[in-house]
Structures are given as C-alpha cells and as structure tokens.
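What follows is a set of structures to go through.
In what comes next, chain A is part of two complexes: it sits with chain B in the first one and with chain C in the second one.
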Partner chain A sequence: MTQKLMTNRRGLLMGAAAGGLLASSPLVSRFAHAQSSGPIKIGFQQHSTGIGAAYGRWYGRTTEAAVKKINEEGGINGREVQIVAEDDGTDPKRGAEVVEKFANQHDCDVAFGTLFSHVVFGSAPAAGELKMPYFVVSEGHHVASGALNRYTLQPGITDVKSQVQAMAPYVAKNLGKKVTMVFPDFAFGHDHRDFFTAAIEAQGGEVLKHIAIPPTETSFTKYFPQIPRETEVLYHVMVGPGVLTFVKELGEFFGPSSPAIFGFIDSLEAVDLASPGLEFLENTYFWEGNPRYAQADQTEYDKAFRAAVGVDANGASVSDSADVSTYAHMFGCWETLHVIKAGMEASDYKGPEDRAKLIEAVEAMGAMDESAAHPQGPKIFNGKTHQTFGVQYISQVQNGKLVKVHTTSIEDTMYPDEVDYTTQSF
Partner chain B sequence: MSIDRRSIALHVGLITVLFVGCFALNDYHQGNVARILVLATYAIGYNVMFGYTGLLSLGHAMFFAAGLYGLGMAMHYGGLPAIPAFVVGLICAAVLSALVAVLALRTIGVAFMIVTLMFAQSVFLAILYFGDWTRGDEGFVIAQSTRQVLGLDLTDPVTRYLAALALFSAALLITARMMHVRFGRVLIAVRENEERTRMLGYDVFRHKFLAVVISGTISGAAGAGYGLLFGYVGATFASVQYSIFPLLWVLLGGAGTTIGPLVGTIFMFYLIDYSSALTNAYMLIAGVVLVLLTLFARAGIMGEIRKRWAPWLP
Partner chain C sequence: MDFGPHLMLATLEGAVGAAVLALTALGLSLVFGVMRVVNVAHGEFYMLGAVVAWFVSTAIGTHPALGFVGALIVAPLVAAGIAIAADRLVLKRVDYDPEATIVATIGILYIMQQAALMGFGPEARPVTEPFNSRIMLPLLDWSKGLPSFYYPTGWGAPSITSYKLFVIAAATAILISFWLILSRTKVGLIMRATQLDKETAQAFGIPVNRVYSLVFGLGAGLAALAAVLIVPIQQAHYLMGGDPLLLSFIVVIIGGLGSIRGTVVAALLIGLSDGIISVFFSPTLAKILATLLVAMVLVFRPQGLYGKKPA
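So, the complex of A and B:
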C-alpha cells in the first residue's frame, strides 16, 4: 500500500517536473501576438503583494476604472485598451522581469503603474534596453533627477521634491519656523530630509533635529524624547506596516500638549482616521496629493472620478467603509492612462515601431488643464525632465475629517531642471 | 564510460545545450535564462558551503550584495570600466567572506546560522545607513553606456546571455573540478563527519574557511554579474529573502550535486512565473510544491535522480 502510494506520488512529482520543463519550453507559447489592428496592450506593473499591496489594490481599481472610461469613449485611436496586470511583489528584481514579460511575452505597447521607487529603479534599465515606454506613478524624484532614461516618464503624479518644497511656505507662515523632522531612515525619508530642510531654510526657518527611524523598527516611542523642547512644528512622514503604530505612539507621547504637527498623508494612507488612538490628530495638518474627503468645493471631475473608481465621500470603498483608499496617490494611474491616450492619439500610434513618436508626443504636452482626465488639478509636464508638476493640498483634521485649508500654486512646486532627457537618443 | 568521463560529458553537454539555447529560445525565455544563469551562479556558490561542506548559512545575501555594490560603486562613483569593477566586486566579496569565516566559524550548527543571519542583517542595515552613497533601498542604476566589455554591449540580449553563460560555466566547472580533487573530498568528509575528518589529520578549520571564502566569492561574482548585466544595484538584494532564495534553489535542485543549483533555480523561477499568471497567491502554490518536494524528494530533484537512477552524478 505504502509502496503504491509512493509510486503515485513519485509519478505526480515527475509529472510536475516534466510539466515545468515543458512549460518553460519555447515550443509552448500560450500568448497571442499583438497586431496593429488589435487592442492597445498596456502592461500594468502592480504591487499586488509585498509592502506595496495596499497601494497596489487601489492602483488596480483606479486603473480598471480609467480603462473602462477610455474604452467607453472609443478607446485609443479607435482601438480597445487592454490591461495586462502582473504582480511585481514590490520587488525590484521581479519588477525588471515583469517589464521583460510585458515586452517579450505579452507584446505590450507600453508599461505603466509602478509606485515604489526601488521597483522603478530596478525596472527602468530593462525598459530602456527594451525600448519600452515606461510610465511610472511613483512620486519619487528618480525621473526628474536624471537617474533613469528617456523611456521612463512620470506624467501623472508630482515628485517628492516638488511636494515637499511646496509645503515649506505654508508651514513657515502658519505653523512655525523651528521644525523637527521624523522620517524613515531610507531613501524616501532622506528625500524628505534633504528637500524640506533646504525649503524651510529658504523661508527663514530651520530644522532643529532630524530623527531618522531605522526601517526595521516596530516601536517608536524611544525616539520621541529626542524632539527638542523649542520645537514649534513636528514634521512626520512614515511608510510601511508600522505607520499606524507610529502615529498612535506619537499621540501617546505628546498627550494633550504638543507642537503643531504636520505630516505627509503617506503616514496614514489607506488607514481610517477614525481608528482608535488617532484622536490626537484633531487640528493637525497633512499634505495630501488629492483630498481624501470630498470637499465643500468639490469639482465635478473629482465627483466623477470617485464614482468611477468606487470611492465614497470619506475616501473609502463604496462597498466597504473600512476599506480606505490611497486617495492621495491613486489618481496618478487615472491621469497617466489619459496621458498615454493623449500621447498615442497625438502621435497616431499604431504599434511598437511608433514608441519613439509616442515619447516625443508626451514630451511636447506641456500644460494639462483640470478636467475629467486630470481630476486632481491642472498640471504642467516638463518634457525635458519627464516629470509633471501640479498643485498640492494641505488639509487639517477637523471633526475627524481632513478639510482642505490650502492649495499651492504650480509655481510653488517647481525647481530648476536637473536633466534634459530629450538630448538622449532613442 | 568512466565516472570522470560521464561527469565531463554531463557538464560540457549542459553548457553546450545552454549555448544552443541562446539561439533557439524566443526573446522572453532567452532573457529569463540569462537571469537564471546569474542566479544559478549564486546558488552554485551557496552549494559549495551548504551542499558540500554542510555549513547552513542564512546570510549569503551579504556576499551577493558585496559583489553587487563593489562593482556598482566602482563603476558609478569610481568610473571604472566593467572588468576592473568586476574584479573590485570579487575582492569585496572575498574580503567579506574571509572576515565572516574567521568570526562565524567559531560557532557551529544553529549558532552558525544565527551568526550568518546577523552579519547579513548588519550588512543590509549598513547599506541603508550609508544611503547618501548607496542610495539605500532605492538603489541606483548603472548607466547603459558603461556596461561594455571589450567593445561588446552587455545590454544586447545575445551578448548578455553569453556573458551570463560564461559566468555560470566558470562557476560550474570550478566547483565540478573542486569536487574531483582532494580538497573537495575533504569538504565532503567534513560534512559527513567533522570529528572523524579531524582525527584523520586534516585541518578542518582551514578547509571550512576556504569553503566559505570560495562560496562567498562565487556568490559575489554572481552579484557583480547581476549588476553588470542588468544595470541595477539596490539594498533589496542584501535583504533576508535573498539569503533564503539560494537555500531554496539548492534544496530543490539537490544539495551537493553540481547541476542541482541550476535545476532548482530554473524550477523555482518558472514556478513563480507561471503560477503568478494564475493567482496572486502564487507563493502559496510555490509553498505547496516546496512542501511536497521536501516530503517526497528530500534530496532535491537531482539528488533523487542520483539516488534512484544515476549514482554516478557528480
């Protein structure tokens, strides 16, 4: 009996191994090839698993909604848009593999959708080598810094440098000039440290103390006594699974008396503001890429965007009020897909041979008005740096909701060019 | 045919098949196999220490990262051409592995695993700490224009594949040869019975030390190769999951077999690649397959083949 069972199991294993080898064979191709008359295929590099999964879920919903809208309006150049989603595990190695998969297996026309900066860095070389237009939705400064290549663009979301820089005038004028910064001790946090420190000094302020939290940290209380007494503004930004613990412990540390608190909503993205322990956030301020709560002056475009994606007036899923969206970032997918559409139509894109024309068309875009395609607000795309610039929002927690109190100008977010990608050949 | 001739035929035949594969495979699989060859080189390095010497390391990502950052920083900041930068990567990995060997080999068993894990975590955190230079978790890109060797463009898919094959072949042939000479035999003896080997008069520490250095340097060569061929250097490659991967690849393919690391890497790569097309819970599928293999093919794929049908397999 045992022997028979062993034989069957062995047979199963051998079958699995043989199946694996056969599946990896070039003789087996389960995928159809794109044709110029067929659908436009957009490879969606999605963080379905790993540290970016909460973002990936909402990036996915936004992408589906945007593609549905675009297809209902006739697609791109009369062709249906098809999304080919692949999970990159929020891992840079897998990210590069996924880009190769889009190019060589799925025959995608472009790749899009990456959020986490390390995945962008890991994937961009593959996109450049494969000559695959790679539209990222990352808010990293990587594109505008010149670290990547001509095939990588960020037309649908602003970068961290412009966001941080635009906050300094409001903080200095309304909250205080003596700032202590708490940030994660890796590249994203270092960008905040460097860009905000320079920006607040330009406003006549100063950063009293930089408190970097190691990325492996799970308890934060021990760092808070480092905050100098004379601090007028506490600036915080945190990402990852420890964000809720971080904010709760911050509240426990300060109790009823605290300096003015200004945070990036990244610290609470996809987290319900009504979570127990967050009451102390009342009257504190947040940067928001796009206001999570529907505002009194809500535009028709935001209303339509929310309805299409399935987000209620509180920024949560219409089907589950506990499922809070990543509203400050996910509009980037919607806007990027509309930029791809506009670029393909402007360049009369027919197939992969027109990829260079598509990039040139996007580089030439310049101003983008607030519209159904750009519900977050107006933007100016810098064709040289491949980076878009747009308005930023500052909200205050009032009665447990984020209420917009300031909108920056686009000019507040701009800085001198650090690269000119148009000088790079295709 | 003698065992030696069979062994030579196997290795030369494998390299020939992989060479032909460069021209027979379609673009997608050609790119995948190029990547697999570099990762399999990493697994070969791991196999020297785990499969042949019996030292279970949970921190091999530090050696991969030493090669990766050694090459990457030499090219990115030092402006060195590819070959000298590759040598810098090898030296970094060799020095780090010698240092780790001296300290970690004072322990055995579970303690050795924990010490290697802690060293790797220290290297990972050091990369993040010196983020101004390493760009921490984001990492940095090695410019496409600098990834050239002797006028050959390593970003060209065929050239990249052949370069990866050269790297893999060198590691494979070195380890295959090593296991045929006395040094390799002593490593296996250490794995089987350390006390008896010592009693027979062999310097066990020296052999284990050299095994760690050779293993770490081959892993570093894989890291340097990855940076050079794929153009990205980042802290993720120093994280704990990249220490677990070579362990999985070697266990799956067959610890203590020369071609097991390649078989395990191919198996795992395509298992994830195809199962991820079916479901987002692809790691669950990978986990189930691993459990099945652990239960019913404990020696790994090539290990089982050796045990059942081909006892001559090296």
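So, the complex of A and C:
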C-alpha cells in the first residue's frame, strides 16, 4: 500500500502559520544569532528517588530556576540551555549508568548535579572515561583529595574539610573543648570524623567519642548512651529519611538539660524546625551553607535567588509552607550552572570537541564575587584541586528560627593542596 | 552511663522494636501457616499501613489523637482490602503453587513500592504522636542495704516516652486478642482446621478459598497495624518495608513458620538482643548474631524452635 503525500491549501496555510509563530516567538529570536543554534545540553544527575530524594527535589527546582534565568539572559554563547534530568536513585551504580546515558544517548555537553558522595565516587570514573566534564554539587572532600580525575570539578559548593575546619575555632571558643561526634557511617560522615577531629585538636580541644550510625538506621536512642558524661559539646550530622527521628530522639534522650549542641544543618535539611519534638533545639547552633531564614542583612542577590526558586523568607516553598527546602546546599546548583556558563563563554565552547578547553577555562577562574550568579557569597576556585572555597555561616536557633551569629572568612576554610589535577592529561 | 540504667534503656528500646516486630512477623507466619504462601510483599503492606496513616492523619488534621485513631482503623482495612484483592486476582489464579506465589508476591512488592513512590512521593513524612511525654525511669539503689528507688538527674538520665510505652502495651494487647480469636472463636477454629488439613476442612464444608482471602487480608492488616503504631516514632517512607520483611523472615525461621508462640518468642529474642547488643557493642554485631542464629537454627533445627517436624 502506498500513501499519497497530502498537500492541500489548508495544510500549507497551517504550516506557514506555525512557521510564522515560531519565528515571532521570543525564544527563537533570542537565540537566532548563535553560531550553532542547537541547544547546549546539560545532563542533570538527580536524586529523584532513594535516600537523597528530598535533596533531589530541591536541586531540581533550583536547576530549573537557574536555567530559566540563564536562558532569559540569552543562554550560553547565544545558545539555549537544555536540562536533561535522569534519576540515579541515589545509587552509585545507577549513577555511573546515568553518566553513560548522558554521553551516549542524550549527547549532553556536560554532566552536573550529583550530591551524595558515594554516587559521586561511583560516577566520576565513568565521566573520566567518557571524557565528560562532570560538575558535582556534593560537599564531599573526594574532589579536592585527589581521588577522582581531571574531568570532575566542584566549583559551586565548598567541601566538608573546609567547612568543619572553619567551624572548629568557633566551637572551641564559644561552646566547649570536649566534643562527642555523632555522624553517618559512610564517606561523608567519615570526612566529618577525620577533619573535625583534627581541626578541634588544633584548637586545643579533643573528641571524646566517635559515634558512627549506619545511614539506613531508623531508631537512634540506643546509640545515645554512648555519649560520655563529661561531654561539653555534642556535634551531630545525619542524613537520609530518618533525620527527623534522629533529632527528636536526641531531644528525648537529653531532656531539659543538655551539653552544648552543635549540628550540621544536614541533620535537619528539608525538615521544618517547628516540627513537634524539636523545641529542645532552641539556643543550639548549626552550620549552614546558606542561611535558611532570610536574615536581617539579606543581600539583594539572596532575595532574587529565593524569588527565582520559589522559596519564602522561612526557607519553605512559597506554595506550601510545609515543604521546607534544602537551602544550605541547593544554591550550589545555581552557582555551578553559572560557572558552566562563564566557563563556556570564556572558552568559546562550541561542542564536545571543546570540552578540554572548557575545563581549562574553569580551572583558570579563581575569584568569584558575590553576585546574582553567586548569591551564597564570594568564592575562590582552586584550579589545581578543582574545589571552590567560600564563606561559611553559623546560626543559632532563636525563637524557633535560625539566626546567623557568625560568618567565617574564606581564609578560615583554606587548607594546603592535596592534588594538582592540571598536571593530568585530558 | 552506668551499666544498670544503660541496660534498662537498651531493654526498653529493644522491647519497642520487638513489639512491632512480633505483630509484623505474626502476619507473615499466619499467612504461611494457613496458606503455605511465602509472602515476599509482606513488608510493603507494612509500608502501606504507614503511608495510609500519614494520609488519614493529614486529612483529619484537627487533633493528632483523632488522626491517629482514624489511622488505626483505616490503615489495616485498606491493607487488608488490597491483600484480599491480590489474593483473589493473583494468588488464587496460580493455585497457591509455592514457587509461583513467591514470584507473584515479588511482583506485588514492586507494584506497591512503585505505586507508593508515584502517589506518596519519595520523602519521609512524619505523623504526630497522639500523646507524648518524657517519663523518667527510676533506678534501684542498694547502697543503704535496703532497696530504694531514686531518679538520676542531669542530662541523659534514663527516660522513655509515654508513646513508646503505649506501643509496647498496644502490641501486647493485640497479640493477646489475636491469640484469643485463634484459640477461642469459631473463625479461629476454621483457620486452624484449614491449616491442619485443607482437603478435610473442605470436605467438612469450610469455604477454604474464603478462609484464604481472610487470612491473607488479616496478615496484611497486622503488618499495617504494626506500622501505624511505629510511624509516629519513625516516619512514613516508600522504602521502609525492606527491614521489617527481612527481620520478619528471621523471626519466623527461628520461631518456626506457622507457630504463633514461636513467632512471639523469636520476635522478643531478636528485638531485645538487637536493642541490647546495639547499645553495648555495635548494631552491626547485632545483625551478624541474628543472621548467625538463623543459620544455626536452619542447620540444627530446620523446623524452628516451636515448629512441628514435617511428617
């Protein structure tokens, strides 16, 4: 059976009208002058399911908002930016498969967005083999430690080593010197254990006890009796679906009196501070990558960032006040996408053949000012270790809200280089 | 912390786990005992109970206690309803063939898990407990020669919450009433008759197919009930069914598949030892020992502690 090509007046008119509509739409005219008008495709490795799901949801919203802004401002090198999101299930094996999919099926220019450190560990070798620039937003120290490769970069968020190192002086000076640490028993938690222990010892303090908890644990009270009586500061950091239970049971264990408590906000990311059972956190301290509650000295950049992502002054979604964001981390997606844009523009990126040029351009970036592209604060990117350094915030819970009480300098977070990726060939 | 209070805390924490585990494992054991079906999807009915509890308590939303009572009624019914439908639509069609039912329930597991992911989402969501206060635990003091009680002061003094005590009490009450139903009522008699000999029961006019549906629903309902009790302490999450399934299998293997007494004893053993070993040594060691115990039981007493030797 053959099919006749149907051409009639109506069809022609409709085609012409559609063409006209397309030509007059703002999107097309905006990108019309690009040398290559195809979109730049950024593969977004998203923790949509698994233990990182709450982070994945907000990383997704932030990424969407950042891409919308970048496209409204003319895209990258005049080309539209497209996000190709794939769920990695917060699983290292699937993470590597997703990176391969970006390279082989979706023809992505770069990959981006991974948070959980074990997924980064699982995926980075695949990115290196496929020669796919891999921009992670993970906090893990693995990039700067030299364990990964030249194709893996972390330009939009600081790493655990620099964060805890900057916390130790404040903890030792204001809270106490005898610390007990509670942390999740995997790479991210081990970074906390190793680097904070060293940092507090440098301040003349000591860690009395390390309490490691498996990240899949659902009941926590049984671990707390291990906290030594002479503890002056309890240092806690936890991740996964059980975080609210963790903090609640901590409060139930301590009762009305407790040692000073210093936590990483990871223990309560995406959790409402007003949840019942969290009242005991009043006056305790938290590290925050970026203050969840709009502060008295809020910058115009933070204001614009919140508005773009759809986050209110309490760090929750503007459409649902119970949907609390992962505010201390998700800025990393926004900033990383802006770094990718800056890198592609500096290297005049045209396609996958320019990937090495793109990495060299990012390696050469150095200082980044606080701006609409970097709303969390100023940063210094170390091209040798592929890791960015920036200010850290310490907040105290006052009247059920996190109020910023200390801002570190960037210098507080610096440590000697452990690797020089620029000596590796592409 | 001193040894005494430390042990008391560990025992109480273990008892909460044991209570919930006993209910969950009982459902699994019942289904196997009567139907000879190894229900791999059992953990998902547990998850379903927690998820429905969240929906009910959010929908009612006035006072936490009201939402909790609503969840206690609705969640087991929903789980039982879905289980009965699964029995009629799937298990009956494969003639309760032991191998086919395992594969079929694995399928049900994935369907339920993914449905929860799509309908409920990937987040862990909390359900507020109906009541909760911190209860200080008294310690025995022998220093004056006569036993006397005192309450330690300062942070970390041994304490438990009223809700956790309620979980232990409620689970015990449910277990006792379940045992009464099984041993003293006509429904229980019919179930026991079906368990003993399906063909003879049928010859005496027992509607075996309806008993099967009822038992499968009851098993799922027990798992859902256990989840409603625990969800104010933990949170509802679409992947929460994995651990209870594994522990339930451990419990029924140790206790003997189909034996209620064995299930309860093994749940206490596993739950308490998990609590105590976790506190004094490490939670990993607790899991290692539980698994080792399973291996030992399988080698030396394959029918379980209280199971009957197959004829």
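Operating definition for what follows: the second predicted complex is superposed on the first by the 388 of 426 C-alpha atoms of A that agree within 3 Å, B and C clash if a C-alpha of one lies under 4 Å from a C-alpha of the other, contacts with A are read in each partner's own complex, and residues count from 1 in each chain.
Keep in mind that, in the parts below, a residue touches a chain if its C-beta (ideal position, glycine included) is under 8 Å from a C-beta of that chain, and two chains touch if they have at least 3 such contacts.
Not measured: the values here are computed from a predicted model.
Judged by the touch definition given at the top, the superposed model places A:H142 against chain B, while chain C stays out of reach. In the superposed model, A:K68 lies in contact with neither chain B nor chain C.
In the superposition on chain A, contact of A:K303 is made with neither chain B nor chain C. Of the two partner chains, chain B is the only one touched by A:P125; chain C is not. After overlaying the two complexes on the shared chain, residue contacts for A:F188 are found with chain B alone; chain C is out of touch. In the superposition on chain A, contact is made by A:P92 with chain B only, not with chain C. Look at A:Q105: by the touch rule set out above, it reaches chain B but stays clear of chain C. Contact with neither chain B nor chain C is seen for A:K173 once the two complexes are overlaid on the shared chain. When both complexes are overlaid on chain A, the residue A:S117 reaches chain B alone and has no touch with chain C. If you count the residues of chain A touched by chain B and by chain C, you find the higher number for B. Counting contacts as defined above, chain A residues 48-49, 214, 216 meet chain B in one complex and chain C in the other. Across the complex, chain B is touched by residues 6, 9-10, 12-13, 16-17, 20, 23-24, 26, 29, 48-49, 86-87, 91-93, 96-97, 100-101, 103-105, 117-118, 121-122, 124-126, 128-129, 140, 142, 147-149, 185-188, 190, 214-216 of chain A. Interface residues of chain A, counted against chain C in their complex, comprise 48-51, 53-54, 56-57, 213-214, 216-219, 221-227, 229, 241-245, 252-255, 257-259, 270, 275-277. In the complex of the two chains, the chain C residues touching chain A come out as 1, 5-6, 9-10, 13-14, 16-17, 117, 121-124, 126, 128, 132, 134, 136, 154-157, 159, 161, 233-235, 237, 239-240, 243, 275, 278-279, 283-284. Against chain A, the residues of chain B that register as touching in their complex are 24-29, 31-32, 35, 125, 128-129, 131-132, 135-142, 144, 155, 230-232, 234-237, 266-267, 270-271, 273-274, 276-277, 280, 282-283, 289, 292-293, 296-297, 301.
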